[in-house]
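First comes the structure, then the notes that go with it.
Chain lettering (A, B and C) follows the sequence in which the chains are written, and residue indices restart at 1 in each chain.
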Amino acid sequence: MIALAFTLILSACSKSSSSEPDNKKSSGKLEIFSWWTGAGEEDGLKALIKLFKEKNPDIPVENAAVAGGAGTNAKAVLASRMQGNDPPATFQVHGGAELNDGWVAAGKMEPLDDLYDKEGWKDKFPKQLIDMVSKDGKIYSVPVDIHRGNVLWYNKKVFADNNLQAPKTFDEFFKVADKLKAKGITPLALGDKEPWTATMIFENILLGTLGNEDYQKLWTGDLKFDDPKVKKAAETFKKMLSYVNDDHSSRNWQDASQLVAKGDAAMNIMGDWAKGYFVNDLKLKVNEDFGWVATPGSEGQFMIITDTFGLPKGVKNAKDVKQFLSLLGSVEGQDAFNPLKGSIPARTDADESKYDEYGKQTMKEFKEAKLAPSLAHGSAAPEGFVTKANQAVNIFVTQKNVDQLIDSLNQASSELKK
Amino acid sequence: MEPKVLPSFQSGSSLAVSAKKRKKWNVDQWLSFAFILPSIIAVAVFVYGFIAWSGYVSLSNWNSLVPDLSFAGLKNYLFLFKDFRFQADLRNTLFFTLFFILAVLFMGLLLAVFLDQKIRGESLFRNIFFFPMALSFIVTGVIWQWLLNPATGVNLFLKKFGLDSLWYTSVTVIPGIQWSKIQFGIPIAVIAVVIAAAWQMTGFSVAMYLAGLRAIPEEIREAARMDGATEFQIYRKIIFPMVAPITVSVVIIMAHISLKIFDLIYAMTGPGANFVTDVPGVYMFETTFRGNYYANGAAISIIMLLSVAIFIVPYLISSRKGES
Amino acid sequence: MAIRTVSRTILYLLLILLSLFYLMPVYVMLITSLKPLDQISLSEMWQLPHSLDFSSYQLAFEKLAPNFMNSIYLVIPATLLSALLGSLNGYVLSKWKFRGSDWIFTALLFGMFIPYQSILIPLIQFLREAGLYNTIPGLIFVHVVYGIPITTLMFRNFYASIPEEMIESAKIDGAGIFKIYQHIIIPLSITGFVVVGIWQFTNIWNEFLFAVTITTSSQQPIMVALQNLSGSQIVQWNVQMAGALLAALPTLLVYIFLGKFFVKGLLAGSVKG
């Protein structure tokens, strides 16, 4: 009896290891993979899925969102599924290096040029944006939203009470910061429990110091990290760090934004998802309780973070996926999703009236500004470089050793040529 | 991960009998060998085989999404020993292990001696000290993160005594001597993790010591009392030496837990600013599964394995000899 | 005698103080989980909630329930299988020794001390090839395989206390290795199975590294989901504490009702008596 059970178990073990590969998920259902599980973004995704179901009632859809770690969990899950040749039907990926140097370079993505032609999208998205989702002349994904990374948020009441103007240059920033410090108000809120928040400050300083062209050259290896201009940016970063709250390393970005909301701190530098947090979670009013300007020196520039979706190689229901991507790229789809998420549409012909004051202004600026890919969010450089840059910045925040930072970035730059 | 119990290789009379028949393999022996063969194969493949495979990966160039198993020599190891983060990991692990073991030993012995005083409500007290062991390190991490948060919790008390409430996230390293790339010394933030870990694990050493104390015949104590020894002397001169071997066991169990610790730190502090609370387990996880540096991750895991093996292998072998 | 009374009093006082320290996290966890979010502030951290509010439990339950069930589906088969396997191995390695069996045993034991990071990368590759990646059966398989050393050890030491004469006389009666296991060993193993079962149940329930690396989203066990609670948007401490309590409940209940066996497992083989 026992022996029988035993052999059964063993054969069950060995059987299950040989006869199960057919239960992979990529078959029938249209699996939409993302890390949109937070308040506004989840609503946006659900609205999209609902819209899709109305139009395609016979295609079953599965929302495969992975929670936790601001996308890092999802990316790890995705990596292991792609390596196991078990890709989701379509997945969220930041335009730029994350897509091009990651999945496209690994030969895991199908080009979507035919879809772009069919839908007539090539002049609906900004050229610079299409370039971000293209490699070697082929387009690989459809951008659904745009976030801006170079935004300095400030508490309007604190600024008014102290007769201050929002700073536009580094000099102005430090003047304002000194005045605030003298009054006992933390000038700049930072929450770098996850180090990418500090990396965002640094990339914005780089953009403000180097200008768009040189900033972009950093990621192609045409400008070295030991360039005096980069060093100057690092010095500015160091100086800026002397104005942040003491407990920055125990806070996340939401905690840091709260400091600004409450008036304990005057400013913070964060992507414009912070607006969603201010408005939806903290119930603040746009341009009444809080204001915004481009980070010092970066006016007319747009640090872009764009969520895009593509078509992995080897999915069985490619037709359904394209059906979904058509909706994502349509005005209707973008306007269903973005107002809820608090982002702006990637298309330049979307319906402005659906967006709030911040959205309207940003949509306008998006059309005119020069785009710059974000390092912290994987658009500027491959994941390997981003990991190392985050480490170097994490160390720098404490050690404030400019040479060490430059040195680490220089060493890591070998990752860029891959 | 929960404490693994210690193997002691009891040499009961039963084992001695079968020892006589150990000369040649007969049908019975073949049969019994076949009985456990599946387990032997499983462990051979999934433990030893996979370790070998990890070792091979650690010598390869697989540091991106796409596997690349070309031979890279010791490149990954050399990288690690020059890496700020890994150097910090080694420092943190050293002090974490040291303080964690000391705390568990001290609290365990203290509480075991207390509980051994024939007190009323002993089982209640015992249960209070034991129950954290039934919890997951993740649960412990989540609770203590809340308790030690600089803006909340225990730190409010500490603040009243004028202590810096930021110690949990402090980047201070005492004394902070420059050593290679890092400041060498005791990272203050590590203490926070030690407190949480010791809270969870003290029960193990209490249980071990208590069992040891209970195994000491009452006659020995009586005899000492007759000779006029005080209770204190009895403990110091007679009882503590008798439970000394337990200390060795506790140290080895705790050391191997602390050298491979991952979940508690991952849930509680993460790598920390300037990597003050980072450990190899966390680094391995992040670099492999977040940064796609598989070969680097494999190298970290092999170093972890070696550091554990230094304790465990001699211990296993000596226990083995002790039995026969 | 007076000195004795004083020192007894101090002893009790110390014990009570230390107990309070050990209970403090539980106290804070309980009261925090029973407060609505707006009452969770520094100044009120240690105070009892004004009124009982179970909304955080409801929220935590909604978020964790599917993962809780995953853990149930994982832990029950994994515990049973690994206990059975351990019992077989322990039986052979204590009662049917062959030449070299002790060394095999030692080699098996090494497997319970290794940092699992050192087998993780090949393991994931293997599971993927086998189609077991991101499945509960895959996790069961992993826990059974890596549970072999500890369960074998516990059963081996447990069976060592069964007198050799019983086995010998059964052999004389013509019983073979199976028969003896079935008719003599199994009936005597109830305590062993309870101890090992509780041990494996606790370990597998609480395990995190395998869970977080082998399963994703909808397949994840409770501990990963609990950890992920803290990774999303605003940190809702009350929901997190409620979630922590939910996640800890099964092992705590096992401990409360079967604590004796739990401690036995802890000591199994570590000290005699």
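Assume a residue touches a chain if its C-beta (ideal position, glycine included) is under 8 Å from a C-beta of that chain, and two chains touch if they have at least 3 such contacts.
Note that the structure is predicted; figures quoted are calculated from it, not measured.
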| field | Winner on C-beta contact pairs when B-C is weighed against A-B | value | B-C
| Measuring centre to centre, with centres taken as mean CA positions, what chain is farthest from chain B? | A
| note | Between chain A and chain B, the Cα-mean centres are separated in Å by 38
| Which whole number of Å gives the spacing of the CA centres of chain B and chain C? | 16
| message | Using the touch definition from the top, which residues of chain C touch two or more other chains? | response | 85, 88, 227
| query | Got the chain B residues that touch at least 2 other chains? | reply | 151, 289
| Hey, what residues on chain A touch two or more of the other chains? | 80, 83
| chain B residues touching chain C - in the complex, by the definition given at the top | 1-8, 10, 12-15, 17-19, 22-25, 28-33, 35-36, 39-40, 42-43, 46-47, 49-51, 53-54, 57, 111, 114-115, 117, 119, 125, 127-140, 142-147, 151-153, 156, 199, 204, 207-208, 211-212, 214-215, 246, 249, 256, 259-260, 262-263, 266-267, 280-281, 284-285, 288-289, 294, 297-298, 300-302, 304-305, 308, 312-313, 316-317, 319-320, 323-324
| field | chain B residues touching chain A - in the complex, by the definition given at the top | value | 38, 63-67, 84-85, 149-151, 166, 168-169, 171, 270-275, 286-287, 289-293
| remark: As the complex stands, chain A meets chain C at residues 1-3, 5-6, 9, 13, 16-24, 37-39, 64-70, 73, 77, 80-81, 83-84, 86, 252, 254-255, 277, 281
| request: Would you tell me which residues of chain C are touching chain A in their complex? | output: 81, 84-85, 88, 124, 128, 130-135, 137, 141, 144, 178, 181-182, 186, 216-218, 227-228, 231-235
| In their shared complex, at which residues does chain A touch chain B? | 10, 72, 75-76, 79-80, 82-83, 102-103, 106, 192-194, 246-250, 383-384, 387-388, 391, 394-395, 397-399, 408, 418
